[in-house]
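Common to both upcoming complexes is chain A, partnered first by chain B, then by chain C.
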Partner chain A sequence: MKRFFGFIKKEFFHIFRDKRTMLILFGMPIIQILLFGYVVTNEIKDAEIAILDLSKDDISQEITNKLSSSGYFQIKKVLHSHTEIEDVLKSGIIKEVVVFEADFAKKIEREGIANIQLIADASDANTANLIVNYTKGIISNYAISLRKDVEMPLQIEPEIRMFYNEELKGAFMFVPGTMALILMLISAMMTSISIAREKELGTMEVLLVSPLRPFQIIIGKVSPYIAMAFVNAVVIIAMGVFVFNMPVLGSISLLMLESLLFIVMALALGIFISTVSNSQQVAMFISLFALLLPTMLLSGFIFPIENMPLVLQWLSSIIPPKYFIIIIKNVMLKGTGISFVWKETLVLLGMTVFFILLSVKKFKVRLE
Partner chain B sequence: MTKKFGSFTANDNLNFEVGKGEIFGFLGANGAGKTTSIKILCGLSVPTSGEIEVAGYDVYKQAEIIKKNIGYMSQKFSLYEDLTVWENIRFYAGIYGMPIKTIKSKATILLKRLELEHARNKLIASLPLGWKQKLAFSIAIFHEPSIVFLDEPTGGVDPITRRQFWDMIYEAANKDITVFVTTHYMDEAEYCHRISIMVDGRIEAIDTPANLKKQFETDSIENVFIKLARQSNFKG
Partner chain C sequence: MNNENLGIPISNFKLMNTIKYLLQKEFIQIFRNKTLLPLIFVLPVVQLIILVNAATFEMKNIDMIVLDKDLSQSSRNLISKFEGSPFYHINSFTFSLEEAEEKLLDNSADVILNIPANFERDLLRNNKSKIQFLINAINGTAAGLINAYSISIVQDFNKEIIQEWYDLNQIKIELPIKLNYRYWFNENLEYTIYMLPGILVILVTLIGMFLSALNIVREKEIGTIEQINVTPIKKYQFIIGKLLPFLIIALFEMAFGLVIGRLLFDQPMVGSLWLLFGFTFVYLLVALGLGLFFSAISANQQQVMFTVYFFLLTFILMSGIFTPVESMPDWAQIINRINPFMYFMKAIRMILLKGSGFFDILDEFVSLSIYAVVILSLAIWRYRKTV
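Entry: the complex of A and B
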């Protein structure tokens, strides 16, 4: 046991003395979560728009007020003629121009119809779509309220509620995904690199010749990373809660246990990668291409799995982070217990056992 | 001892004995099967067939006891560059289960003898190659094994340091540690008590350097080696 602690101590020296490792372990999680939470977001908040009001009447004024008080838009400029539109859009600050035609209120009174023109900067097509839709929503809400006094024959108005994420906050999507990504990176990539480094330096041979048993070597190599990854899991959840106001409705201990399970799974995967690679570079490239890209693209982190072609959907079901993300979302946002996520938990457990057995087998083959 | 990889025979019926405290040189061209044999003797590889004892213990049944009684140093010197001299000593001695008190007192004596006292808390990365090599050897025999395996220990080291390194090997042999060494340098072969020359997985010659020179009617081990290697080429 004392030998084993000496081994772990050595491993911590490796981690703490390498600036790059430290940066990946502690800098990256925080930067990533802030990036995904704030920058890479698909929600609209204070989008900068301009108003060209050729009518300047009560109704156009009221709609303008509704837009600016919605929280989605910030009226950055008031324009006076059509010629200005292109300039402000080109400047890139203004994402959308709302144009009220002349005699707006009068037309509504007389003809019951008036026009608003929405001109959006579609160089970022997704954002343009979102902004236009939000604007349309606000305007049609107002239009309905105008008609209230008029008797309408039959009106069906769907009232929409987005359960578990009422405000459609992007951070709620990104926190579980980022967590999966970071834990995968730290556990699988860092361990596979650190084991490959021992092989590269020739120290692995010396360790294998020593009385230490192979499984002691492996456990000694990975246990510091379990601790590091777990600290990261806690940091990410804490940031989700305190920075992005993400709720944790389910049991925290369940959340932690599931995270631990995912970490161990990723470590087993990392050990497996290290058994098939003889240098740090190979280990890194395998980790990047086989783990990070699928985690980003196929796990449901960024793109919804339901919208993928069928083949990719099949592929996504062999990607461990998919299950972890489902579990985390369930526990954090819906507050469900193990009875709802036992299937996913079982899949992760199965994958863990599978990778451990596979690496043990590989390790033995290498010894012979 | 025989080791086969599929249809390829890496070690073909090797048969040899090495005495206690002997310096045994294991020579052969690249690919002759030296590394395979060392791996089997160290327990890194399992032989296909044969009866093998290391330090008096059976390779098949007593592998764990053997591991406690051998030391190993490869051509890469295998020290951790990001740990200090003392941390390396403590780590390697620690995995052999030596108590910390013993490690401390032995390390102090060792560093004094190597004239490395000032470098005790320096990172290995900052040491010159020759020092790393001497330190690696000292660490390989720090737990007082009965046999130490040296796999091309002098690669890339200058002649003076090589000379000093061989002094250390003699010192170890005087303490009854058996030294099993592979090398490419034929002048080093002359330092060994006994040498064996491997060609194509077989031991073609095994004797003291003096007897081999007599047997092959030449004045240096280098010529013995070349004669044997030629035979192999003619056959091939």
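Entry: the complex of A and C
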């Protein structure tokens, strides 16, 4: 036992000696969470648009003012002819061109109707859609105000209530997602690399002939990472709560236990990756490619899983972070207990066992 | 005189030869590694095909629970609007709010449509009536979309009943401003043709940066760098020898990804491909230069990997691949100037989707060129031949 603790101590020294890695490991979650909370947003604010006013009358001027004072738009350019439209959209600074036809106000007065054309740069489909909708809303409201004589009858007013995230704060999505990403990185990537490293440098052989049992070696290897990953989990949750006012409605101990389970699962995955790779390079390559983009895109972190094609929905069920994200959101935002997340918990447990069994099998093969 | 005339071609010849040998060495090493080689070429392609489909903000199958306490003609008409929409799927009808909320809680429904009693009466008497949408906002993005879709269906419904009312009373109603709109460069607002270039950028960068970053540090760790250090190979020759192989591989991946995009996703390629590859070349100088620089300042592979991972994650999220760069706060946009992803993400989409020409992306091009010179000089400077 004393030997075993000595070994664990050695592993801790190994990791804590590397100051830069330490800095990154503990600094990364903090920076990542702040980035997500403040920087990554879908909101339209001061979108740059251009106006092509072929009429230049009071009404077109007033609509232009309404657009620029709405807070959504910033009028960056005033165009003078249709030929300029293509150029400004291609240059990429302008997201939308609003075109008032000639004799705009006169036509409203005489014929009762005049045209406005919106041309949006839909190379970014999502933004284009939002911008056009906002513009439509502002102009329609103005058009209604022009017809004061007619009262609009029969209005149904929808009232919206957002459950579990009243203000639709982005942080409520990103905190669980980032947590999954970071824990996955620290646990899976670090263990896989550190074991592959021992193999590559030949020091694994030294460890294997020592009186330590193989499972003791593995436990010794992973225990520093468990500690570090757990500290990170606590830091991330604390930042979510104190910086972004994220609630923890459910039980904190359940949250901690689930985080621990996810960490152990990721470690098992890391050990498994290391058993199938013969060098650090391969271990890193697998962890980077197998973990980074799929965790970002298939876990439901950014893009809702229900919207994906069926095949991808199935595929997403083998992505462990998906379950972790569901569990955290349930416990933190909905305040549900284990009775609501037992399925996800079981899946994570099952995955852990699966990876451990697989690694044990592979590990033996190597020893023969 | 003579010496000078002869001297230049000879040293040029030597330079080319040295680099040629270095390239040969790197390529042999890459193609000999039978585990890594398939990973380099297969993984990105598989990921491209899969992930492009995953990245969509289009909502389908919104699960709705209807709580209709009014049970009138109007409420039924409104509900049938939702039934008729391809985006909604009416999960169940209920009369108990608790029961409906329970379903939000266990995630079996996305939204509750709550129509209060007296809905029709209020509508006819007061011209105004309220309904409620209770949205499961556990996923913020989805909730925002559900919100927008629901409101637009109600607005359509409003317009219809207004029209009916005026038809009955024989008044002509028309708003004085007619709006028509067009979506240029992507008429149908397809998300894949927007995401594909973005994901391709990430994959190409991952491959390039990963290979270049690990390379020098691996030689350090194994000790073979000592052997190179004692040869007369110049520092810049060494860096070029490390840079070119990965640049070629990354350019190849780029071409491969574009072919897949063309064949499987009908990716439009409006602009000049020469321009795109010219830009890719400059971009890769920066991306690989960063990799080499990190490699030069790191002691072992683990360290360089974390440095790269940290920058990759930050750069990717700030690149504008998922969310528009313009929506970020000003300070973030200033930081973003050192983010090579941001320039390339913008340029590749502009070239492929809009057919923007060289002068449209001149700013990005100049910025990246300066960046390339700076980062490569730094990499050469930081690579020490002494121990």
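Just so we're on the same page, the second predicted complex is superposed on the first by the 254 of 368 C-alpha atoms of A that agree within 3 Å, B and C clash if a C-alpha of one lies under 4 Å from a C-alpha of the other, contacts with A are read in each partner's own complex, and residues count from 1 in each chain.
We take it that contacts are C-beta pairs under 8 Å (C-beta built on N, C-alpha and C of every residue); 3 or more make two chains touch, one makes a residue touch a chain.
Just so it is clear, the structure is predicted and the values come from calculations on it, not from any experiment.
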Answer with first, second, both or neither: which of chain B and chain C does A:Asp18 touch in the superposed model? both
After lining up the shared chain so the two structures overlap, which partner does A:Gly202 touch, if you call chain B first and chain C second: first, second, both or neither? first
When the two structures are laid over each other on chain A, which of chain B and chain C touches more residues of chain A? C
Which of the two partners, first being chain B and second being chain C, lies in contact with A:Pro211: first, second, both, or neither? first
Would you check which partner chain A:Asp121 touches, where first means chain B only, second means chain C only, and both and neither mean what they say? second
Is A:Lys2 touching anything from chain B or chain C once the two structures are fitted on A? First, second, both or neither. first
Applying the document's definition of touch, where does A:Ile94 land relative to chain B and chain C: first, second, both, or neither? neither
Can you list the residues of chain A that touch chain B in one structure and chain C in the other? 18, 201
Residues of chain C defined as touching chain A within the complex: 33, 35-36, 39-40, 43-44, 47, 50-51, 53-61, 78, 101, 104-107, 110, 123, 127-144, 147-148, 150-151, 154, 157-158, 161-162, 165, 171, 173-187, 189-191, 194, 199, 202-203, 206, 210, 214, 218, 221, 298-303, 305-307, 309-310, 312-314, 316-318, 322-324, 326-329, 332, 346, 349-350, 353-357, 360-361
What part of chain A is in contact with chain B in the complex they form? 2-3, 6-7, 9-10, 13-14, 17-18, 201-203, 205-212, 367-368
Residues on chain A engaged by chain C in the complex (per definition of touch): 18, 20-21, 24-25, 28, 31-32, 35-36, 38-48, 89-92, 95, 108, 112-129, 132-133, 135-136, 139-140, 142-144, 146-147, 150-166, 168-170, 172-173, 181, 185, 189-190, 193-194, 197, 201, 277-282, 284-286, 288-290, 292-294, 296-298, 300, 302-304, 306-309, 312, 315-316, 326, 329-330, 333-334, 336, 340
Per the touch rule, the chain B residues reaching chain A in their complex are 42-46, 64, 67-68, 70, 72-83, 87, 90-92, 94-97, 140, 149
